[in-house]
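Consider the two complexes below, in which chain A is the common component and chain B and chain C are the respective partners.
Our next item is the complex of A and B:
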């Protein structure tokens, strides 16, 4: 049988062109310009920009650039926790909610989990900062519970600051990731669930043997999104500790921001940004390679 | 019935309109009617244009908005937009973005020019012609007063703002840092307001023993405490670092105070208009290092007090610290004069739960530390709101004429009084007392600000000589890590040894950035 050739149409290209052009200008141009700037001594107070080759990278790999690499250890802890928290708690909650068979109660609980999404992220972060204040928040709760000995200046002590940042957002359930898992678990199919129950499967077995294998694709997507978001974002750190006390919560993105916008050293900041981009791309590729068979 | 209702409504509306008209519809005691408003515009009134002011959130925020509205009523062809800036970081970022290229069309017309540090400083921008030099404007007649701006400004303030390449802002207000003291809390612990530095240290020790974990509450302004110590220790050294007639960059017009200057302990403010040469400082530390005996002595004295400050105070949120002081968690608050209005209102609102508080300057030493120039402490009292003009439209004379006209509309005794009155009435911050003659603050606020007044203000030009906050931005965290341990885990010598590399790296960068050859008499080209 003769294979029918798809008829060429210009329209899809025309419709997608504006988006591609905008992405080209605002994403790819910025990215390539950043790589170019990393090869210059571009500093806001200089009248002229000079091409310096790999000098910024040499500096970055010298002892002077040590903090950048050290900050990756904080980033690694934050990112691992973020990815685990983005997957484990929402998935667990979605599973538990699946077994609440009373529809009205299940819907009410679902709504309650989703409602906090309406609070803007920065407001939520500032609420957490308030909770960690040495004079109010958790310390007041501890005082009311008679646990004054546990009161602490959480964000101003380098031993607790990183933990405090990671703990922000507890219990890590509300939000988009929960909704995605909730839909995923419910999409597995009532028939499959009923068949498993008829075969004598317990709830644990349903969750472990039926649901989990079927939502692994979603786990891949969410962990990828969470990984990228955690590596490239620094809003929570900037709005709470600023990387301190000392460098206790310093992460690469915060350092890049500081070098660029406090010292105006765009050339060096771009070099750090380029390395950061390579790290994110590499980790994302590795993660997608490892989980490629389980995509949605 | 309907007719009666309509009549009553009409009457209410008419009365409201009468109430809102008259001198000013702003509800203030002064208004635009008190200015001269019939001067002929010097720009093309047939053309519409926009002036953008980037002003810091809370500080005079409502005042700026009101002045913008009032101005547009007078000159409908010019729209004045107030871009409220969230915080210092945001404004720094704006400067960096505006000056990322030579095209300044996206920059605001008027903004806090003292934030230009990240882009080389206001003086460099004036030299490049990117920022307006107010020197000539001061002697021109302000169309809204019929007098020159200079006539209602203080010469000392103008001199304080002058830099080698001109005047990047006109004086507006003063800003100061001193101590706010909770008198009741001191009394509770059997203490009085300390009169000497020794008494202050003893009071902090007693408060700590009495269960007050952090007797001194401070935000980043707390570090001025170190600067005031440095100013006392090094006061006889300013003359070594001033621009001298043989120096490149010496300008007799703006540096007259430097000529023949000699330190005289009998004249406490004799150094206030000196212009310091950065290259001379860099030369000194290159030759002598940072950890001199005098530097160690400054840090040793400060280390006696550092453990009484709230933990990690350089990074503390101003709101949190102010609240903590209001909760009486500390007896001393090291703060800027901008908090006086807020604290005054908050304590009044607390009613019976309030407390008696006073503002006092940092105390003198009873016994001068060895090797110091003096034990008499001065404190920060400088020009505050430094609003400069960025030539956003290059040499567009029409646009610049409008910007200057708006500036003169605000910078006069009536305009500034309106700004202050409106700002205080709306519960926003004013930075301190006004630098425009004839503008006065409410009595209660003025009384609290009295403790901040310094006839002879401190200088912090020599902070870098002992390494205070002298770091590249990437080293800030490491510096603070050591700083937080000062007086407990690290003594002054160990602290200075720890920050040595940080200081030296910054010095090398300063030398490289400015192309200094460490000979102040030779000219260097900017990079």
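Our next item is the complex of A and C:
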């Protein structure tokens, strides 16, 4: 017969060991190594690593590092638009869809918004890039409408490039944010809706006075998610403008990628990475604090 | 209930239809472009080819172009997925059901990983993989994916395992089941739907990745993944054969579409859960 279990068991630790080891190496060791690298002149080619102290940070704050800070202003514009777009359009659509009372039609429309989510991001991004093309795409449509004067080489013109990057993905409905709002709006409840209608509320009033106040919690969650997503993602820019033309669409993450893997300056890139990490963590913590004080 | 068909009713329907149409426009154009010769894409962008004029050669060329990369993507996703699911369920089980010293601290460590920006880790992880001498092998993708894709799954499965009734496990213990048996015989089979959710979510994000593969798979086209070659093609201003490229997009989307649609219910549930809890 087996003995009664001892107080200390090794089992739980064996269960979590593989995960913790991998996280330890690829997240924590990597993160601290990144901070350490930011204090060296490490390059992609195997050169000797020299400890240079805060030299990379000094460089970053000198006029030579100006591009990094300039890229933050692009990032700010992109992020503000991203947050607004990921709340406004999905919520609007969820709201409009709520008032389609025909169950079958409503479900079909919902599934239609799910479909494009299943297309790889790079594919959607590149189709948009084609649409922004000089020779066809939106320019063809402008021509058909007789608006040749509005034609642009959208992504290669430094006046329109940033706008083109922000507009990419319009109307921003298809995705998880829409699904969250859709279930939120519907969870507010049939009863509440019917009660409001019996009291003589118009649809407009239902939306503003019943739904919106009740989904504010989700608005906060989605703002946080899209804030973090927009700050750390650079895949779409890497696949379209690459930060150009000039540096019209340069954002910090793209710059870090380029400095690290095109210029090969790992040390300097890590210094920028460290600053970006501090910025993102600070924003996340502020956001969390605001959220938790509002709810719970 | 009666619906009043006033001005607002029609306006809201029109906006909704417009939103659907605009969402689909790029994808409709993708299909349109894939059916035409590149010259026609440029000259008659908005026109649809007549059925007998469809230029199927695009798909033939695209198939040769993306077949191996798709297979590579699926192999990498498959191996990573199996290992991720094993680790996620074990870790989630430990956090959800077992008692041990330091549990909260370890769990906090898992959660905190989600706050480290991806960009910050690119350089150090590249260095690690290079020091392990794994550059230009499938493992240069698989190992970091396993390390990086678990967090969401751990949170989800921990929540699930916590929700299971304690009596079930006590009954098993009385019947003489060991700790490990309670995990394999009771917890694991019950958690299959949760694991499917985790699996679909992870597969999508691994299949869609192109930044990391573009860094670690630089030599030879034999091991590159689908999204990577599409990305390389775009970044290198590569081919301007739009018909072939869009046909390649369609072919490369199909595996993901099939996988996700077959598990759509779990996928949607997971997305909603993850977003609200995470």
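Assume the second predicted complex is superposed on the first by the 269 of 296 C-alpha atoms of A that agree within 3 Å, B and C clash if a C-alpha of one lies under 4 Å from a C-alpha of the other, contacts with A are read in each partner's own complex, and residues count from 1 in each chain.
In this section, contacts are C-beta pairs under 8 Å (C-beta built on N, C-alpha and C of every residue); 3 or more make two chains touch, one makes a residue touch a chain.
Bear in mind that the values here come from a model prediction, so they are computed numbers and not experimental data.
K.L.:
Could you tell me whether chain B and chain C fit or clash when both sit on chain A in the superposition?
P.N.:
After superposition on chain A, which the two structures share, chain B runs into chain C.
K.L.:
With both complexes overlaid on chain A, does A:20 touch chain B (first), chain C (second), both or neither?
P.N.:
second
K.L.:
Pick one for A:250: touches chain B only (first), chain C only (second), both, or neither.
P.N.:
After superposing on A, A:250 lies in contact with chain B but is clear of chain C.
K.L.:
Pick one for A:64: touches chain B only (first), chain C only (second), both, or neither.
P.N.:
It touches chain B, and chain C stays clear.
K.L.:
Just chain B (first), just chain C (second), both, or neither: which does A:242 touch?
P.N.:
Both partners, chain B and chain C.
K.L.:
Touch check for A:113: first (chain B), second (chain C), both, or neither?
P.N.:
second
K.L.:
Going by the contact rule stated at the top, is it chain B or chain C that touches a larger number of residues on chain A?
P.N.:
C
K.L.:
What is the contact status of A:260 with respect to chain B (first) and chain C (second): first, second, both, or neither?
P.N.:
both
K.L.:
Name the stretch of chain B, from among 7-15, 79-87, 133-141 or 241-249, that runs into chain C once the two structures are superposed.
P.N.:
Clashes occur only in 79-87.
K.L.:
If you lay the two complexes on top of each other, which residues of chain A touch chain B in one and chain C in the other?
P.N.:
129, 135, 242, 260-261, 266
K.L.:
Spell out the residues on chain C that touch chain A in their complex, using ranges where they run on.
P.N.:
Those in contact with chain A are residues 1, 3, 8, 12-13, 15-16, 19-20, 22-24, 26-27, 29-30, 33, 41-42, 45-46, 87-88, 90-91, 93-95, 98-100, 103, 106, 109-110, 113, 115-128, 143-144, 146-148, 150, 154, 176, 178-180, 183, 204, 207-208, 210-211, 215, 226-227, 230-231, 234-235, 242, 245-246, 249, 252-253, 256-257, 260-261, 264, 268, 271-272, 275-276.
K.L.:
Show me the residue ranges of chain A that touch chain B in the complex, using the header's touch definition.
P.N.:
43-48, 64, 67-68, 129, 133-135, 153, 156-158, 241-248, 250, 255, 258-264, 266
K.L.:
Looking at the complex, which residues from chain B come into contact with chain A?
P.N.:
Interface residues on the chain B side: 89, 92-93, 96, 99-100, 118-120, 124, 128, 310-312, 315-317, 320, 323-324, 327, 329, 472-478, 480-482, 484, 505, 513, 526-527.
K.L.:
Provide the residue numbers of chain A that touch chain C in the complex, in ascending order.
P.N.:
Listed in rising order, the residues are 2, 5, 9, 11-13, 15-16, 18-20, 22-23, 25-31, 33-34, 37, 89, 92-93, 96-97, 99-101, 109, 112-114, 116, 118-124, 126-131, 135-137, 140-141, 144, 170-171, 173-174, 176, 179-180, 183, 194, 197, 202-204, 221-222, 225, 231-235, 238-240, 242, 252-253, 256-257, 260-261, 266, 269-270, 273-274, 276-277, 280-281, 284.
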